[in-house]
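These notes open a run of structures that come right after.
Two complexes come next, and they have one chain in common, subunit A, joined by subunit B in the first and subunit C in the second.
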Partner chain A sequence: MPVAQFDYIAPTTVHEAVAALVKGGRDTRVMAGGTDLIVKIRHRMLFPKCIVNLKRIAGLDAITVDKKNGLAIGATTLLADVANHKGICRHYPTVAEAAGATANVQVRNMGTVVGNLCNASPSADNAPTLMAMAATMDIAGPTGSRSVLLDQFFQGPGISALQVGEIVTAVRVPPPVAGSGTAYHSLSQRGKLDCSAVGVGTMVVLNGDRCTDARIIVGACAPVPMRTQAAEKMLIGKKMTDTLIRQAAQKASEETSPITDVRASAPYRWKMVSVLTIRALTDARKMALRKQ
Partner chain B sequence: MNAHSIIGKDIPRTDGRAKATGQAIYADDIKLPGMLYGKLLRSPLPHARIVSIDTSQAAAMPGVRCVITGQDIPRVTYGNWRLFPGTQDEYALAMDKVRFIGDEVAAVAAVDRETAEAAIEQIIVEYEELPGVFDVVSSLAKGAPVVHDTSPTNISIDRKIAYGDIEAGFAASDYVREDTFTVHAVSHAYMEPCACVAQSDLDGRITLWTSTQTPYIVQCLLASTLNMRENDIRVIKPAVGGGFGGKMELRPWEFCSAFMARETGRPVKFTLTREEELAFGRRRHPMTIRSKVGFKNDGTLVAKDLHIYLDGGAYNAMGPTATFLSGNFGAMLYRYPNYRYLGEHVYTNKPPASAMRGFGAPQTLFAAETQMNMAAEELGIDPIQIRLKNAMVSGDELPGVATISSCGFVESLKEVRRISGWSRKRKNLKTGRGVGIGCYSFISGGVFNWFNTQYPFSAAEVRAFDDGTVHLLTMASDIGQGSDTVLKQILAETLGLKMEDIRLTAADTAMTPQADLGTWGSRVTLMAGNAVIDAAKKIKERLAGAVSARFNLNVIFDIEFADGRVYAAGKPDRGMTFGEAVAFVQKTQRGEPLLARGSYTPRGKGLVSPAFSFGAQVAEVAVDTDTGQIQVEKMWTAHDCGKVLNPMAVEGQLEGSVQMGLGYALTEQFVMDGGKTLNTTFLDYKMPNAADMPPGESVCIDTFEPEGPMGAKEAGEGLASPTAPAIAEAVFHATGYRCKDLPITPEKVLKGLGKL
Partner chain C sequence: MRHDISLTVNGDTYNLTVEAWRTLNEVLREDLNLTGTKLGCGSGDCGACTVIVDGKSVSSCLTLAVEMDGRQILTVEGLAPSGETMHPIQEAFIEKGAIQCGFCTPGMELSALNLLKTNPRPSDTQIRSAISGNLCRCTGYNKIVDAISEAGRRMKPQSKTRR
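Coming up: the complex of A and B.
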C-alpha cells in the first residue's frame, strides 16, 4: 500500500489552473481547503496523480454582496468567512447558517463552501439552502466560461456536472425576491459537530399569506440533494397554513428515497424529512412575513 | 492530625506542560538508528481455517527485512489469567484458525512504513471459511459453530455467587419484577493508538517501549511467548495517551516487534491506525442482563437473581475479570439479603471485548439502576427515597466477598438531591424535559490475583539525597490519569518536601522495583500510594533517628517533617534540613546511600477490593419528541472517593467520565454487519466532543478510607457508570419512554413514543 505520491501545483490564475487540469485529465484533482480531498487520498478512496491548489489565485476568495447582482461566494472562500460575513448574515442569513452548521470549527476554518458543493455529497450542508435560493455555479473551462444552475449541478454521489478541465470559480445567489423567506434545518446523530443525516433547505415567497413560490430541497435522502417538486406545487398559489405545511412536508418525505446506513435508518430519515420540512417551511414563512 | 500542605490542594499535572507543548515522548515518537517499520496482516474473514500462507513474494520485495507467520513463532498461548492457564487462548499470530475480522495472521518489518504496507498486500493466504457466530444467542444455539475447540459450548468461563436464600427471598417479597437489559460495545477511543518499539541488544535481551497500562504483565507474557527469561525482557512505558482498559494485555504487535527485532538485529516499530483501533480493537463487553428483584411494599429490597451473558468476542482477553466483577457490581450499592449471580462469558466471531473503564460496572449498573427506577415508579416511591432506604453504609458486608470499610452513599444521595433541585424538578418540569438519577459503586483495585504475580501488588523505592531531594522509583503506570503527580504529592507530603524536590522514575521493569500489576481497576492511587507511604515511613524512621541522635532527644519526642526540615515536635530549633539529616544518616553508614523500599498487597480484604467508592448522579434532559433527539442540559454529581488528594485531578476524572458516559448512553456504538465493523472512523463512530458536553456541578463527600493512602480511594472509573442510567431515567421522566437497550438513539425514542 504505497502512500499517495502526486504532483502539486499552485497556479496564480484561473487560466493556468484550467490548463493544468486539461493537461492532467481525470487523474488531476482540484483542491481548495483539502478537507475532503486529503482525507479521501489518505483513506485510499482517490489516487490523483496531480493536485491543483486554487488558493494562490488572487480574488478567488472574494465575497460580494450586491443589491442588484446578489451574492457571489468565490471558490476559495472559507466556510467560516461565509458564516461570519456581515452582509451575508444580514441579507442571506440562511446561507450563513448552513455554512456555520457544516462540520466543525477546524473544517470551517480550512474548508470552503464551493468545495462542499463540488464534493457533491448528498449530505452537503450548503447545498439545500443554495439550491432553494436558485443559486448558480460559475464554471471556467478550456472553452470559456459557463453557468450552471446548482439544481443541475449534482448528478450522483460524488458526481457533478463538471467536465474535464473545468473548475467552479464561484457560486452565485440571486438577490432575494420581495416577500421571500428561507430556512435550513439539519439533524445528525451526535449533536453540534457532525455531518448531517438529514437536512432540509426551503425558500418560500409570500404575497400576503398566499404562497407564490416555494422550493424545498432535501439533503442526504437521495443520491443527490433533491428538490421535492410535488411538495412545492402543493404550496404554490395557496394560503400557507400549518395544515398545508404538514401536508407538503408529508409529500416531500414521500418523494425522497433515503437509505439505511451507519448514520440513520431509512424509516427514520423519511420521518425526519417530514419533521424538518415542517420546521423549515414554518421558519421560512415566518421570515417571509417579517420581510413583507 | 496535621493540616496537609500538598494533599488536598489543586496541584497541576506535572506532565501537563510537556504534553500541551508536544514535548512528551510517546512510543511513536521514538526513532532508533536502523529502525524498521512493522505492519500486521489481519484476517478479512470472521471465522476460517488457514489452509496455507505464501510469504515468498512479500519477503522478496526490496526493503523487506522480515516476514513472519504463526509457523515461525513459538507455539505458546498467552492471556492475562495466568493463574488459570486454560483461559490463555491467544497466539500472537494465528496458528491454524482465524476467529474474527482483524485477527493477526502475519507481520512484516521493512525499511519504511510504505514498504511494510505494500509487502503485507503481497502475502497470499488461502482460507477455508467457516460459519461464524455473531451474538450470544447464535453462539449458544445447539450445533453452533465452535470458536475454540477447548470450549465446545462457546462458554469460556462462568462465575457464580450466592448468599442468603434466594427462593425464600422472593417468596417473602410483595413485589417481584424481572427484566432483561441489553447493552452494547463501545470503543476506548484513547487519543493515542497503540504503538511500540522493540530493540534487541547484543546479548539478545529485549527492550520494548510500548503504549501500555501494564508493563509488568507485558514483560512476563512476552518472556513466556518468546521462550525467554523474564529478566531478559525490559519493558518501558513512555508517555501514554490514554488506555481506559484497552492497553492492559500483551498484544500481537508487541510480540512481533520483539520477535522481529531479535530476528533482524534492528529495532522494529509498530503504530496502529485509528481505523485498525476502531475496526479490530478491544471494546467494552456487550451484555444480556436478566435481573429479577424482589421488594417489600415499602421499597425494602429482599432478593436479587442476576444472570449475565457477556459477549466476549473471539478471545477471553480480560473477559474473565469482567465476568467475575459483574457479579459483584450487581450486589453493590444496596443491601440484598438474598443474592444469586451467574455470569457466563461467551465466545463470538467478533473483535474481543475486554476491560474498559468500569470493568463490567457500566453494564451491570445500567441494568440495576434502571430496574431500581422502574421499581420506584411502580411502587410509587421517589427514586432517591427508595435508594436511601436500601443504601449500603460503612461496615456492610458482602458475605465471603468484601467488607465496605467506608461508604458515603447516603450522603451522596442527599447531596445530589439538594444541588440538583431534584424534588422541585421531578414535579414541575415541562413536557419534553426530565430529570433522572443513576448511582455507582466501584472498586479501588482488585484483590483476586489472576495474574499470579509472585511480587507485591505495588512497590516503591525512595532514595534520599543530601541536597534535600528524593528520587521515587515505582512501576506504577501513568497513562494519563495523573498518578505520577499524585504519587509525588503523597511522597512530598509524607516527607515534608515540595513537589519539585521529587524526581520520579516510573514504569521501567528493569529499573523500577518489582512489581506492579499496572493501571486498571482504579488500583494505582490506593496500592502504589500505600507502597510509597510504606517506603517513605522507613526513610523517616532513619532520619528521625539521625535528628534524635544529633540533638540527644528524649525517646518520647515526636519528630516532625515539614517545610524541608526534620525537627523535634514543638521545638523547631532542635532539627536540621532534610538534606542535612540525609547526610547525617549517610555518614553513620559510611557512605552507603539512604534508600528504602515499600510495598502494598491487600491482605484480609476479601476477594474483590480493599475499598469501595460510591456516588450518585442526576441528569436533566430536553427531548425533542418529534425528532427523538436528546439534549443533556446538565449533570449533577455527588460522590465519595474518600479523602480528595487533588481536587483538580478528581474534577478532570469526573468530566472525562461524563463524556464517556454520554457517548455510552446516547451516541456511541459499533455498527456491525455480522463480524464486520462498519464505522471505523470518528466521522461515523459518534464520540461526544467538547461542544456536546453539558455543564455540571459536583460535590465530593468527605469520608476517610482506612485502607487508602491518607484516606483516599477510587475516583475516576466508577463515575463511568451512573451517567447512562441517569440519562435513561431522565428520558423516561421527560417522555414516558423507558430504554432497556443502550444506546438511547433518537430512533428508539421515536419508536418508544409510537411515532416511527
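Coming up: the complex of A and C.
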C-alpha cells in the first residue's frame, strides 16, 4: 500500500503558521511532536495535504512558573521536559506526574503536553489534572488571540474548540489555591505506557478538614474528559472523611458513560472510576493537609 | 514536495533530498544503508526503531526525515565508532546473555545509553522504567536489566559526554 503523501512547512513565527493554516484549510494539519499525527497518517486515518511543524518557532517551548501568574506550558514543550521540570515538580507536582505517565520515554522526548490536549482524545493523560486545576488554553488565530477554559475545549472524541487557522500557543494553570491538593491516577494494559483505559484527576481545597472546593475529572469514560459535578457537590462544605470519599467516588462512577472497546470493558471502567477516584481524592486530601 | 536537508549521523554529515512524508527510519535504512535501526510496530509502542537525536532517545518511525535538518543523530552503528572495540553497553549485553534474536537490541542499547549518560548507577526499577518503551519478546527482560546495570559500572566517567 503506498504511503500517504503530503508537503511540509516549518514556519518560524506563530503568524506564519496561522497564515499557512488559513491558506491550507482543513487539509492542513498542525504538528508538534508528531507522535499521534504520524501514526494516524501511516495508519490511513488522516490524509492531510500539508503539515505545519511548530517546533521551529522560537520560544514556543517555554515553561514559566510564576507565583502570581501561575504556570504556562508552551505548545512545543516536550512531555519529558514538563515531567522533569524542577519548578513544575515542586509547585504543580500532579501536572508533572501526568506528563510522566503519558506514553513511554521516546514518545515523551518527542510529544508535547499541548499536543496531547489538542488531539482531544477522551483518554488524554494530561487532561484530567489540568482540567481539575482550571487550566486555560491560549489560542492564536487569523482574527487575533483568545483564551478558552480547558473545560470547554473538548467537544467530542477528536473534536476540540479550535477553528480552522487556529493554534494553541500555550496551556496556562492558575497558581494553586491555598490549602489545595491534587492527584492523578490512571490504568492501562501496559502499565502507564499505552492509552489509558481510565484516568482520574482531582483537586480539593481544605479548610481544616472541611472541603471548600472539589473538582473531579474522569478520562476515557465519556466522549470527552468529563467533570463529575454531582460527586464534587457531595464533598463541598463537608468534612472529607473516608466514608464520604467512598460515596463521592461511587457517584462519580454513576455519572460517567464508558463504552467497551479494545482497552477495557464498560463494567470494568465503571468499577475502576470508583477505585481510582477514591485513590485520587485520598491523595489530594493528603497533599492539601500537608500544605496547611 | 522534496526538501534539501543536512543531517549528521554518527559523526558523518549527509546532504540529502527527501520527500516530506518519509520517516527518519526509512532514510536511515534505505538511503544510508544503516540497517541496525529496526522497524517494529511503526506506531511508537515497541522501541525497535529508537535512535538518539540531539541527545534524546526518540522513535525514528514517527520522526519525519525533513525535521532532521541540522540535527545530530546517533544510531546503534555509532555506539562503537572505531568498529574495533565495542561500547561497554554492547559488551555487557553479550556477556550477560541480554541478546537472543537481536531485533530489540539496537533500540534497547540506545535506551540504555539515554539512561546511563545521566544516571550511571541506576536502580533496577529505574532501568525497567527507562526501557519500558522497548519491547523484547525473547529474554524476559531480566538479563537486559542485568546488562544495563553492568554497563553502568563499566562506563568510565568521561563516557558520560561520549555521543
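Points to keep in mind about this one:
The criterion applied here is as follows: the second predicted complex is superposed on the first by the 289 of 292 C-alpha atoms of A that agree within 3 Å, B and C clash if a C-alpha of one lies under 4 Å from a C-alpha of the other, contacts with A are read in each partner's own complex, and residues count from 1 in each chain.
The criterion applied here is as follows: contacts are C-beta pairs under 8 Å (C-beta built on N, C-alpha and C of every residue); 3 or more make two chains touch, one makes a residue touch a chain.
The model shown is predicted, which means the values in this text are computed figures rather than measured ones.
Look at A:Gln106: by the touch rule set out above, it reaches subunit C but stays clear of subunit B.
Contact with subunit C, but none with subunit B, is seen for A:Asp7 once the two complexes are overlaid on the shared chain.
When the two structures are aligned on the shared chain, A:Ala231 is found in touch with neither subunit B nor subunit C. In the superposition on chain A, no contact is made by A:Ala20 with either subunit B or subunit C. In the overlay built on the shared chain, the residue A:Gln189 is in contact with subunit B alone; subunit C does not reach it.
When the two structures are aligned on the shared chain, A:Lys55 is found in touch with subunit C, with no touch to subunit B. When the two structures are aligned on the shared chain, A:Ser265 is found in touch with subunit B, with no touch to subunit C. In the superposition on chain A, the residues of subunit A contacted by subunit B and by subunit C overlap at 3, 43, 104, 191, 193-194. Those residues of subunit B that touch subunit A in the complex are listed here as 113-114, 117-118, 120-121, 626-629, 631, 667, 671, 678-679, 681, 683-684, 686-689, 691-692, 745-747, 750, 755-756.
Contact residues on subunit C toward subunit A in their complex (touch as defined above): 1, 3, 19-23, 42-45, 47, 50, 56-59, 61-64, 66-67, 111, 114, 129-130, 132-133.
Against subunit C, in their complex, subunit A makes its touches with residues 3-8, 10, 34-35, 38-39, 41-43, 51, 53, 55, 80, 103-107, 109-110, 191, 193-194.
Residue ranges of subunit A in contact with subunit B, taken from their complex: 1-3, 43, 104, 187, 189-195, 262-265, 267-268, 271-272, 275-276.
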